[in-house]
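I'd like to ask some things about the structure below.
A, B, C, D, E and F label the chains in the order they appear, each numbered from 1.
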Amino acid sequence: MERILTQSLDKIAKQLAETPENNGMCHIRRRGEPLPSQEKVKEIVSLCRALIFPGFFGDSGVTQQNMRYHAGLNLERLSMLLIDQIVAGKCIESPCCQPLDVDSLTKDAIPLCDTFIRQLPELRRVLMTDVDATYKADPAALSIEEVIYCYPSILATSAYRVAHLLHTLDVPVIPRMITELAHSETGIDIHPAATIGESFTIDHGTGIVIGATCIIGDNVKIFQGVTLGAKSFKLDENNNPIKGIPRHPIIGNNVVIYANATILGRIHIGDGAIIGGNLWVTEDVAPGEKIVQAPAKENR
Amino acid sequence: MERILTQSLDKIAKQLAETPENNGMCHIRRRGEPLPSQEKVKEIVSLCRALIFPGFFGDSGVTQQNMRYHAGLNLERLSMLLIDQIVAGKCIESPCCQPLDVDSLTKDAIPLCDTFIRQLPELRRVLMTDVDATYKADPAALSIEEVIYCYPSILATSAYRVAHLLHTLDVPVIPRMITELAHSETGIDIHPAATIGESFTIDHGTGIVIGATCIIGDNVKIFQGVTLGAKSFKLDENNNPIKGIPRHPIIGNNVVIYANATILGRIHIGDGAIIGGNLWVTEDVAPGEKIVQAPAKENR
Amino acid sequence: MERILTQSLDKIAKQLAETPENNGMCHIRRRGEPLPSQEKVKEIVSLCRALIFPGFFGDSGVTQQNMRYHAGLNLERLSMLLIDQIVAGKCIESPCCQPLDVDSLTKDAIPLCDTFIRQLPELRRVLMTDVDATYKADPAALSIEEVIYCYPSILATSAYRVAHLLHTLDVPVIPRMITELAHSETGIDIHPAATIGESFTIDHGTGIVIGATCIIGDNVKIFQGVTLGAKSFKLDENNNPIKGIPRHPIIGNNVVIYANATILGRIHIGDGAIIGGNLWVTEDVAPGEKIVQAPAKENR
Amino acid sequence: MERILTQSLDKIAKQLAETPENNGMCHIRRRGEPLPSQEKVKEIVSLCRALIFPGFFGDSGVTQQNMRYHAGLNLERLSMLLIDQIVAGKCIESPCCQPLDVDSLTKDAIPLCDTFIRQLPELRRVLMTDVDATYKADPAALSIEEVIYCYPSILATSAYRVAHLLHTLDVPVIPRMITELAHSETGIDIHPAATIGESFTIDHGTGIVIGATCIIGDNVKIFQGVTLGAKSFKLDENNNPIKGIPRHPIIGNNVVIYANATILGRIHIGDGAIIGGNLWVTEDVAPGEKIVQAPAKENR
Amino acid sequence: MERILTQSLDKIAKQLAETPENNGMCHIRRRGEPLPSQEKVKEIVSLCRALIFPGFFGDSGVTQQNMRYHAGLNLERLSMLLIDQIVAGKCIESPCCQPLDVDSLTKDAIPLCDTFIRQLPELRRVLMTDVDATYKADPAALSIEEVIYCYPSILATSAYRVAHLLHTLDVPVIPRMITELAHSETGIDIHPAATIGESFTIDHGTGIVIGATCIIGDNVKIFQGVTLGAKSFKLDENNNPIKGIPRHPIIGNNVVIYANATILGRIHIGDGAIIGGNLWVTEDVAPGEKIVQAPAKENR
Amino acid sequence: MERILTQSLDKIAKQLAETPENNGMCHIRRRGEPLPSQEKVKEIVSLCRALIFPGFFGDSGVTQQNMRYHAGLNLERLSMLLIDQIVAGKCIESPCCQPLDVDSLTKDAIPLCDTFIRQLPELRRVLMTDVDATYKADPAALSIEEVIYCYPSILATSAYRVAHLLHTLDVPVIPRMITELAHSETGIDIHPAATIGESFTIDHGTGIVIGATCIIGDNVKIFQGVTLGAKSFKLDENNNPIKGIPRHPIIGNNVVIYANATILGRIHIGDGAIIGGNLWVTEDVAPGEKIVQAPAKENR
């Protein structure tokens, strides 16, 4: 390469490595402590799916005979990665100026991991209600197997349920990384802090947004493009949104929300309500109520 | 790791490997028969794209001289994978209680694969009409090459056309896995059972949904966020949707559907009709008709 | 495999390698010149992110001590790939009938690469304003680190800013490949030719479309499903859209555009305007104006 | 590349693919049947070593807890590969002109594999005598662990014992491929047909040759460069060596053979004999006898 | 890591990168020109073996039908690598102080590569004589296939014949790298400059040394441990050996040399001579002569 | 697979995982502490070679400009691996019954690693004397570059010098693993405890054995097949060899030892002595003495 380019490389490399913003923003390891890793978080999700749906995800050579070997090694690898990433999340969270005690963070992470592992069978039970509800709800679904293999909703819901469990254990950053991986895979964006009941189904999962303080009941069905979002944000004295205020809808049991509906604010959608497509809803909907858009059709 | 975690691992591994749901749901191989594999389905799609658009997809070292070598080896590998996955699809479809005859399933898969292979040149011809129409329709498209390299619509349409061909050969599960891969890549969700004519274009392909019983004519153009869906589902005696009923729109030739329009039910959109953006359409539209939303603009 | 399949393979391989469309469309290398490569473009984007956000992206072993080594090698690899892909873009652009002078194209690519490299520190500064604005704007964001690790908007915006810089250097095809990679990752489709100011934030980035001739001011916030598109295309004598005409909106500073709003045509949205969700906007909006949809709610 | 080279490529590729020797020598698959694979044979040996010496070879994450999972999956993978390679060996052995029944060859391979698997614990017991003897015999060996980790003799002896077991099951070609892999790793060439007792030790294993019809007792120690070979070959009417005649030495128990000794022909080295270095031995040596070279030392 | 170690890393990295010996010895690239690469040389040898013995080496999926595709792509890849490595060899050879013209070196390399490619069929013919002779000469060889799959002599001889061909084309360094790869695989060290006739066989190839100026006739058989070396070196005025003087033996046709014989100096071993094992030969041996060591056997 | 095989797998897996020898021999990790790893030891050697001979070994893209980046990252990776493997070696050495304190072992390993790193420049200086001597001594060596790229003696000597340095730091097991890797690559077996001076050369390195208590002066030249070994071992009361007694030769400066000479026992070979090929030497040789074998030549 030309002499001029070589000079740029040296100069810019130095500049990128030394600019004060960089040190100030603290986005590099101080003394070798673990950092959250997209690759490892991805593997955690894959291992959970392989443990919950053996044969569908993970090693395709799983048989009745070797399942317990696979389960054993997958669980062990999952624990190792999870402890590591829990610690990494805690490190990210800690203020820059303070020294980190990785050993003690690791000791704290072990019982969290243990609790997580013990919840996996229950997590599988709930996911099975999602699969079953999806199969029954979609006339295009030809078999339970097709649902598990092909439906993006299963990818998104399994990632959400794993992330939510970690969220309830107060693990920082990692839950959000998990749901964003699923968001990237599927276009379905469920915040890990949201609460979602059993038998949850998403049809044509694309462009779904479910906010952090949403509470969703059992047997709810959502179509593509639905937003369960915030209407506006309370601002603090610096004109910035105040964090942590309940600001997303509460959805009852047996609700159906059709494509591209936008439901905003801390409103209640009552049990059994049906929300038509493309609607913009910012007020409560009573139980059993059915609201739809007037079909706009106009020649010009 | 701590003693307590080790105990959990053993216990949970056993539980995950042995729970009755698991056996009941039958999602593992009984005696080593092939299972559908996301990785192999992905490779099938990649090989089809490499064969149809050599140089753009697949080995970037393709030249005029070595193209026939690449084509030969790619076709051979494609056949091997396809036969394997056709058999895997058939196995998934078969009831759990029944013994599988993998040899005979394989023998049946070979002529299906043969038919598929023989249709590849025709498939390429049709895809070329899509590419050409896309280039002409988009003022931002600077060259045919840019369209093939960069447009998500080409990824989605090529996957759909491959999947649809397999669907017409009655291959189970695999076609849907193929379109869902493209859905994940692009946000465009076309059911493999849909019928789509030549010179089909999608602009800014994101959040598109095209349902299983849609029939789309030639030279149709669709923008982001369009849904061609079902309005409601006929339910059976158990209150579940009845499978297989025509329930999605029929779109004529030369139709344009603008961003975020939602067209629902077994309605007809006539030849040359234009559907404006953000519309909610549940009734027939006459040929040549042009419908748009009244620009809502209101101060508060 | 059966005899009949073997015969098909030979015949179809020959057909796919020799059909005239193929030669005519010119989509293979003539004499070994480089072709744009999805893999290499992906690596270019990854290297830029690793240089701009060390530790968050790229090698997770980055420390205060080794950062300059990583920066040096990453910059060098980036330069090599970039020069290669700039040349590949130029080759794609050149007419088929004309012989290519790869050496002279390479010589021309070096100063372009040099300019690009020198802009990286400024590019980092601007991206930091995006990160900061995103953190402040979203009540669900718990830390700067969470924003960089988890927000798809950062993936999309970083790819756009890299692509736009290459676009301003007249590099063909590659900028679009870069933004389409981010589109696939995130569902956010920003054309590399668009102009976007500092402190730009996207919330729940899914289904965003920002067209080629858009001009966006500083401190603009956009929610999911927003389209900044063209209303209609001027056609030439062959009824094809004329390329290169300004056809997308101009957005002022401090504008907020809520979910699923569709803003079309070369209109002006004035400074400080607020556009409500699900709106269809095709006319100018005055500075400071706030427009919203009337909440449609109707029983049937 | 230059035009002239391109022409050569085409011409020579055709020539290499079609020359009659090639067809005549029959070294390609007729209809897709498996071929012996260096890679798979290598993996078979690695799996055997991992099963016999867990932790030393194979996955370094083996612990007391997960050993049975590793053992289960390794055994399963070993079986699959072994059945495949046994069939491949049988295919290679069968005459070219005859059609192959791969299914029936596979059915025959299963009990062979079963017998092999069942012998693994005994094989481990014998290898432990070799390890133990090696540790005791070498003053430079500091621990049992050092012997297993570092001594080429363990690599060679473990490969030989695996290969010999397959040889006694009449598996063709594969046993020899196994010992040649170890030959390449270590410079120790033991023919799989040789018979070797327990507590066998090789010091500085380099340049050792042990012929096909050798019979070696228990507790024998051999140094580098030793040959146990054939003196001359009986020729048939075509002047070619007659295959299968016993032609290598019989070595008793407790024999020591020092560096570079060459022992040729079907002679007997009696129990407890000691053969000095650099000797050329073609006649029987009595039990307990000790023969050495006169130290040649001469000024010139 | 501890502070003290970090300081060492920085200091030593700087020292290793800047010591004058390093610059003086000139063992780094001046301006990006290619360097010989062990990996690429290894792949060159693998491709040659795959082209000469398809099915035995290289892709194990070779069939009668796809052989020409494999041959085509393998030849093309071989050419690309070979041209690259020929240039790298020339660069290494050129004096440090002189600027390199990589383009012109590449132009010169193309006809060398072309000549090499054109010789491959003849190279295969000669190697087939080696295989055939080996099969006939060894009573332990059960089939031609076993010889090709398992005999280290075939690895060594094929590498030598490839390297010798490149040596005759005056390619520097690369031929020696090729034979040293085979040396490492097999323990057989044949200098690429040596001349070896057809039907050459090596039994138990371990510890063989064949020097640079050796000339070996047809149908020669050599056993393990044989050296065909130099007796002494003529020294120049600085007491260093003079390069390039014939100093190794000339071996006639049909000669057999048994294990561990050492034959030194520019002597002649006549046609049909037989050299016994462990002999030290520094004078001519007449045609047909048979010399052996007196079996030393002595009690002490 | 057949039912019978499945049963064997389960039974044998259990047996291999639980046999008492296994527990007794203690060859698995007790609580996750690191084990020596062939792969990591291999990488340690590769990194040392890349640091000592940049461009020849390791990344072939090294240039004058980027060398310090490569050196920095390679040194850092080397330190990390080395500390890990030093700890692993210490763990292996510690008695089974005793609990391990990995943290304190790691703390102890850091200064050892620091010392090792600081010796690298000196290690390079000494290796340069070996390279230089090799080039001068071999009339077939055409350039310094050829020596470094192609001579197995450089692989063996560089591995030995690295291993010896670790040996002098009392690191267990790892040094021997390093020299055995080189033994496998080259057939040259140098014990890490041996002491070897500068300007050491090995010609046609194959079948060389240099024992643990050898002491070799400067400027010594050794040919293939030479053994510097022990004559006999002192036995303890259990009839096992006593470890650690000096039992290998002391070689003076400027000695030449020709091919296949075997020198045994704690004897002295005086400065400038020349030992002829195939000799068996068990008594002192005076300085300057030249001993050779009488050329045995005899007709039969």
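Here is the rule we use: a residue touches a chain if its C-beta (ideal position, glycine included) is under 8 Å from a C-beta of that chain, and two chains touch if they have at least 3 such contacts.
Note that this is a predicted model, so its numbers are computed, not measured.
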Next item on the list: Have a look at B-D, E-F or C-E and name the one that copies the D-E interface, over half of its contact pairs being the same.
Entry: E-F
Notebook entry, point to check: Of all chains present, which has the mean Cα position farthest from that of chain D?
Noted result: C
Check: Taking shared residue numbers divided by all residue numbers at the interface, is the value for chain E and chain F over half (same) or under half (different)?
Finding: different
Check: Roughly how many whole angstrom separate the Cα centroids of chain B and chain E?
Finding: 54
Check: Centre to centre, by mean C-alpha position, how many angstrom separate chain C and chain D?
Finding: 58
Next item on the list: Check each residue of chain E and list the ones that touch at least two other chains.
Entry: 1, 9-10, 31-32, 65, 68, 70, 72, 76, 187, 206-207, 225, 260, 278, 293
Margin query: Under the stated contact criterion, what part of chain F meets chain E in this complex?
Written below: 51-56, 60-64, 67-68, 70-72, 75-76, 79-80, 83, 110-111, 113-114, 117-118, 120-121, 124-125, 128, 136-146, 148-152, 185-187, 204, 206-207, 223-225, 259-260, 277-278, 293, 295-300
Item checked: Contact set on chain E toward chain C in their complex -> 6, 9-10, 65, 103
Margin query: Can you tell me which positions in chain A touch chain C when the two form their complex?
Written below: 1-2, 4-5, 8-10, 12-19, 21-23, 25, 27-32, 34-38, 92-93, 172-173, 176-177, 180, 183-184, 187, 189, 191, 193, 206-209, 211-212, 225, 227, 229-230, 233, 240-245, 247, 260, 262, 264, 278-283, 285, 289-294
Note to self: Per the contact definition, I'd like the list of chain A residues that touch chain D in the complex.
What the structure shows: 65-66, 68-70, 72-73, 76
